[in-house]
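Next up: the structures, one after another.
Next come two complexes, and both contain subunit A; in the first it sits with subunit B, in the second with subunit C.
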Partner chain A sequence: MAIQIGGKRLVDGVNITVEAGKCTAIIGASGSGKSLSCLTPFGLTPGEAQGSVKLDGIELIEADAHQMRKARSRLTGFVFQQPLTALTPHLTIGAQLQEAADQAGPQRLSRHELAQKLERVGLSRADERLDQFPHRLSGGERQRVMIAAAIVHRPKLLIADEPTSALDASLRGEIMALLDELRAEQGLAMLLVSHDLASVEGHSDDLIVMDQGKVIESGPSADVIANPQEEYTKRLMAATPRLTEPAPVLPAVGNMLMETEAVTVMFPRPGWRRGKIEAVVDASLTVSEGEAVAIVGGSGSGKSTLGRAIAGIGPLTSGRINWQGEVLPERRARSLAMRSLIQPVFQDPVASLDPQWKVQDIVAEPLKNLRPDLLRTDRDRMVEEALDDVGLGAEYLQRVPNSLSGGQAQRVAIARAIIASPQLLVLDEATSALDPLVGASILELLAKLQQANKLSILLITHDIASARRLCHRIVVLDEGHIVEMGDMAAVIDDPKADSTKRLIAAS
Partner chain B sequence: MMALVARRLMTAIPTLLAIILASFFLMRLAPGGPFDGERPLPPETQAALQTAYGLDKPLWEQAWLYVSRLVQGDFGPSLVYRDFTVSELVAQGLPISLTLGGLAIILALLIGISAGLFAAVRAGKAADKTIMMLATVATALPTFVTGPALALLFGLWLGLLPVSGTSQGWSWLVMPVVALALPVSGAIAKLTRAGLATVLKQDHIRTARARGLPETKILFRHGLRPALVPVASYLGPAAAGLLTGAVVVETVFGLPGLGRYFVQGALNRDYPLVLGVVTLYAALIILFNLFADLIYGWLDPRMREG
Partner chain C sequence: MRALFSRDHWPLWVVLVLIALALVLPAVLPWTYDQIDWDAVRAPAFSGSHIFGTDEIGRDRLARLAAGTRVTLMVAIAAALVSLIVGIAWGATAGWVGGKVDEAMMRFVDALYALPFMFIVILLMVIFGRSILLVFIGIGLVEWLTMARVVRGQVMALKQRPFILAAEAAGTPPLTIILKHVLPNIAGVALAYLMLTVPQVVMVESFLSFLGLGVQEPLTSLGILVKEGADDMDMTPLGLLLPGGLLVLLLVCLTIEGERLRDIYS
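This part shows the complex of A and B:
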């Protein structure tokens, strides 16, 4: 099969087979053509497919409108990446589930039957949900509804396009287990698309690795993972952090640098109800010179709020932040020198850079504010040095963020953070929006910077396996409270808190 | 939902009061008075009339008196159409204006939404470009141009429709309603087209398509409602536009609606008449905005909360 959009050939020579009751997984970086390969034959992308795609005897490439509708409705179910937007906002869950059931031919399901379908995918209070609109449900709940709707008409093939990548780490395992169960129960064939090897491992029979529109390697999953043949696959395997890999050698740790004392952050409750939401409660932690500390937790655990409070870019309700034994004042009262001590890096690299600015100006901005005494020539020299430190050449100076890839943009964001010579970097999910290969290279870069500059790092993440590559110690947050804290290896070997165990299982 | 209605009605009262007081004082700032005719009245008669209508009292007192009577539903007497109260004049004009405005908004919605829908389905093609150009023209042409142009074409040259006044049947309504609806329909067509263009790219449309639904069902069941959210938010300003447009249209087509009384009243310095019409217009616009909010909630359930 080949796919082109507007005459440009994006996918070429792809062969995919899925057998009934089996799961074939396609993995690859973003832009590798993996989603295109699965969705284009069904007419669900702007692309045009050539070659041959056979589904249960129907040739999809030459199918007329009627056959195509049949292929989409009766034979196939789809689960998409973004559960938050994949459901129609103005139709109730019940109406959408009924619509999905109609794919197998008009059939009126009773309310009780519809509720049973929701219960099957693990939704509680199923009867109540039928009358609710999608916005009342969380991301995980909506993805369960999507799965229920994708299989309610008993299709032969289920196409799951990154079904778990938009979900919280601890939910991923649950959703994948659910898909496995349903597959076995209904004898479904499943085509699973993912950029993340870890989420596919153990859930697929066959594995296809794609890069730049071509199949790099394919075969039984266990074989490919245990014994990758191609260079790209090997690199992909190596880039995927695992808890089983040997512990990295981390640089020595110096004196105490920063200490938080009972940091609490509260937000007013939205709406008319009075009261406060406690986002972070009594968080006390330390970071030493040259030390990397991971703050780990699920979404909503308060890890980002704590990181923002420490970086001085978010609210702090009570508690203190000490810097080398002295109290760091409230953010507005911090001097320029204090402000340059701690610098943040955010999750979405492209969104955190001003699209109108050139890389040169973006990287120079902290210097203009924090070191107004610098001469322009010195500043330009420092910008080039900072870019060089993050592995970008002078040719990037005049580029704008939209022309950068995710990994390049994150490097620019890191250059902006390190240019004012901070002693502590606060990285908020700085690698989770990136492909595994790119994410791994960013982690390597951070390790290099840490060693070269004696930098301390606070790494906020949901992914323990990637934190382990960089961090000496780990702090686990759950519902705003620190539930566990300690040496990285010790916590992974013998986790005490339930949420730590869940996060480790999800890694 | 009821809480929203109650809250809106509560805020409507101070809004209305502010509008009434502002127009009351603004009108008094304008030179001239209700009893200035071609031939000046003798000073004694002037003074007697002033006293009879309470116009000799301090302005604040007059304002207070007006508002307190208004609360009891008394719009006061007309100063120019003697023997008529403002309520009687309004009762004559309002049905005509409401028919005109109501039909115009329905027509504008019908034309606008279907044209926008048609253009969105054919996005980028000739039909889309033609419709969008016509919509721009329709929006740009003021009613005082389209009104006379329609009257000239269909009334005078073709002789199909009456040019002025009310008559038996509905034929007299056609041109005023069309003239009034045209600019609004152009704007609605553009909003619908833009709304659909955004919505049809969204993920939930792909989900619907993946279910093998026919394209028409995708469009009407999954696409249209969220696409009309911008149209709903335009309905409030559109209602205001229709009311001011009605002033022109009623004058052009010689219809005894509220708009004409409004213009006449303003020219004659018929203070209670103008205030009465302003109050009514303001109330209608507030009501229409509330209505638009309710439609909003129907179009997108997320709006029902918060």
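This part shows the complex of A and C:
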């Protein structure tokens, strides 16, 4: 079986081959045309494919509606990125599976058979789940249902478009392992699309690297990874953090700066139910001058809540946050002087900038409040300096957030965070929404700023490998509790807690 | 803003042209809306200086149409603005403060929703007599409820956005955050619902006037004109068709435009 696409301007001259039982992975930054290449031949995007796409002997480009339907329904299965939205909300899991099974000609599967299909993808209590609606399932469970639905009619080709990107780090490994197993078992050919090299490594036989609609490099996975030929591939390899790379040289650490004592954050349960959710329980940690500390955990582990409590933008139920002996109160009780000590940077760079404001005003906002003594001219000069520090020129001053790329927007957010000379930055997944190359450059920028301004950093992330490039120490959170804390190298070499082991295995 | 000049926004332009006509025509026409031409009672269209003829007591139909449109739109726009201001203030407060305050404020809105408001307006009219002010109060009492709900939802969604948290971390005081960050970002949605409120108020006002509860003679509104036309439609159908057609045109254009704006912003 061969898939070939060529001609179209967004994606040009792409040759992809997937053999039965093998997995071909396409890697590229967002906008590189990797999803387009996979979905357009099936008529699933607005684009038009030219050239030649052959699936099991059917020419997809010239296929009529009937043949196309056959190719889509019987020969192919699709798994998409967002398990939240890819399942129909008003159909039970069983109904969705049955619908998927019907694609390849009407066949009535018994309840028992449907439950077996769910068990096959590793869902417990399968019989019960058949009657549940998608919103009752967690993200990982939904993605398993998606996979079950994609293979229930025994397709020959499985197209998985970023199947693990929306999932928790520790779940990613499990889902990839499941896909591998199923591939071997059913002789499936698999086309795997991802922006993250680390997540496909070891799961694919062939690797294709795409950039700006062109194939940069392709070949057997092991060869491409071990011995990349093209400049872009080399940079991509270097940008992908690994636990095996040599430990970075980190700047020296000064005196203790901030200390949290038994910080606890509780939220009332939503709706009319009584009781409270404990998001963070008795978290005690310290950050010293010039030190970078990683707070690592899966989603829902309370790491963001802890970061927000420290940054003074989230609630604090009990416990204390000490700053060089002084107690920092909760949220709105903080004085302007306290505000200027700690500044946050968020995960979604575009959402963290007010869409109605210009870059100039966004960056100047902390100065207006925290340094009201400054003259307008001084302020303008400092804004330009801060933008310069994060590698953006004066031409960005008048831009609005919508016209910025993710990386540029995150640089603006960092400029806003550092302009009032804080001593601690709280980075909440600051690189995880970005492409690997861009994310790595943001990490480099942070390391540079840390050295130049003697900044302390609290890096909240799910990705231990990227945290290792920047951080001295690591704090592992699981379900609100600190389960492990210590030097980065020591924890990675000898993890004690189960959740730490899972996170390390996932990166 | 520039997008408003594109051809997609023709309903807005139709409404604006009609408003301009309603404002300019009374100054240009030889007859005023309450002036009786004793020589031309029930004149047909295009007779002498009466382009659309006169009604059953000899008043110029075009002049009355312009005056009626003016009154109707004035009531509608004023009531919509009142609903905008009250609705935004109420909804933004509830959404921003949250918790128990939010619960209490929104239950109050629900309670008002449950009142049969047309009944209350009629009662008010009966007790205090007919006046244009009561029409305002009656309509304003109800129309801000939807706006408050919409704004509250928007504010609650915005409150979670990182840029609001970043502003808080930057030491921006809460009131400034609301004025500079929150309100500009809900302006689009609020504008869309304002556009949808106007036709609703037009409907309510016309309905009240049709029942004889709206504005007083000789002052007129589209609702009164439709009622007068309906009384006399077997003799002169033009008297019903003109105000009726104008009312439909206004409602359709405002609703299309409002829904289009709503689709853009939400």
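Note that the second predicted complex is superposed on the first by the 499 of 507 C-alpha atoms of A that agree within 3 Å, B and C clash if a C-alpha of one lies under 4 Å from a C-alpha of the other, contacts with A are read in each partner's own complex, and residues count from 1 in each chain.
Following the convention adopted for this analysis, a residue touches a chain if its C-beta (ideal position, glycine included) is under 8 Å from a C-beta of that chain, and two chains touch if they have at least 3 such contacts.
Computed from a prediction, not measured in an experiment: that's the story for all the values here.
Undergrad: For A:85, select first, second, both or neither according to whether it touches subunit B, subunit C, the two together, or no partner.
TA: first
Undergrad: Figure out whether A:452 sits in contact with subunit B (first) or subunit C (second), or with both, or with neither.
TA: neither
Undergrad: Which of the two partners, first being subunit B and second being subunit C, lies in contact with A:308: first, second, both, or neither?
TA: After superposing on A, A:308 lies in contact with subunit C but is clear of subunit B.
Undergrad: Looking at A:327 after the superposition, I want to know if it touches subunit B, subunit C, both of them or none. Which is it: first, second, both, neither?
TA: So A:327 meets neither subunit B nor subunit C here.
Undergrad: Is A:342 in contact with subunit B, with subunit C, with both, or with neither (first, second, both, neither)?
TA: It touches subunit C, and subunit B stays clear.
Undergrad: What part of subunit B is in contact with subunit A in the complex they form?
TA: 202-204, 206-214, 221-222, 225-226, 299-302, 306
Undergrad: What part of subunit A is in contact with subunit B in the complex they form?
TA: For subunit A paired with subunit B, touching residues are 42-44, 68-74, 76, 78, 80, 82, 85-91, 99-100, 103, 133, 135, 146, 149, 270-271.
Undergrad: Name, in rising order, each residue of subunit C that touches subunit A in their complex.
TA: Against subunit A, subunit C makes touches at 161-163, 165-174, 181, 184-185.
Undergrad: Would you tell me which residues of subunit A are touching subunit C in their complex?
TA: Touch list, subunit A to subunit C: 308, 311-314, 331-332, 336, 339-340, 342-344, 346-348, 351-356, 365-366, 368-370, 413, 416-417, 420.
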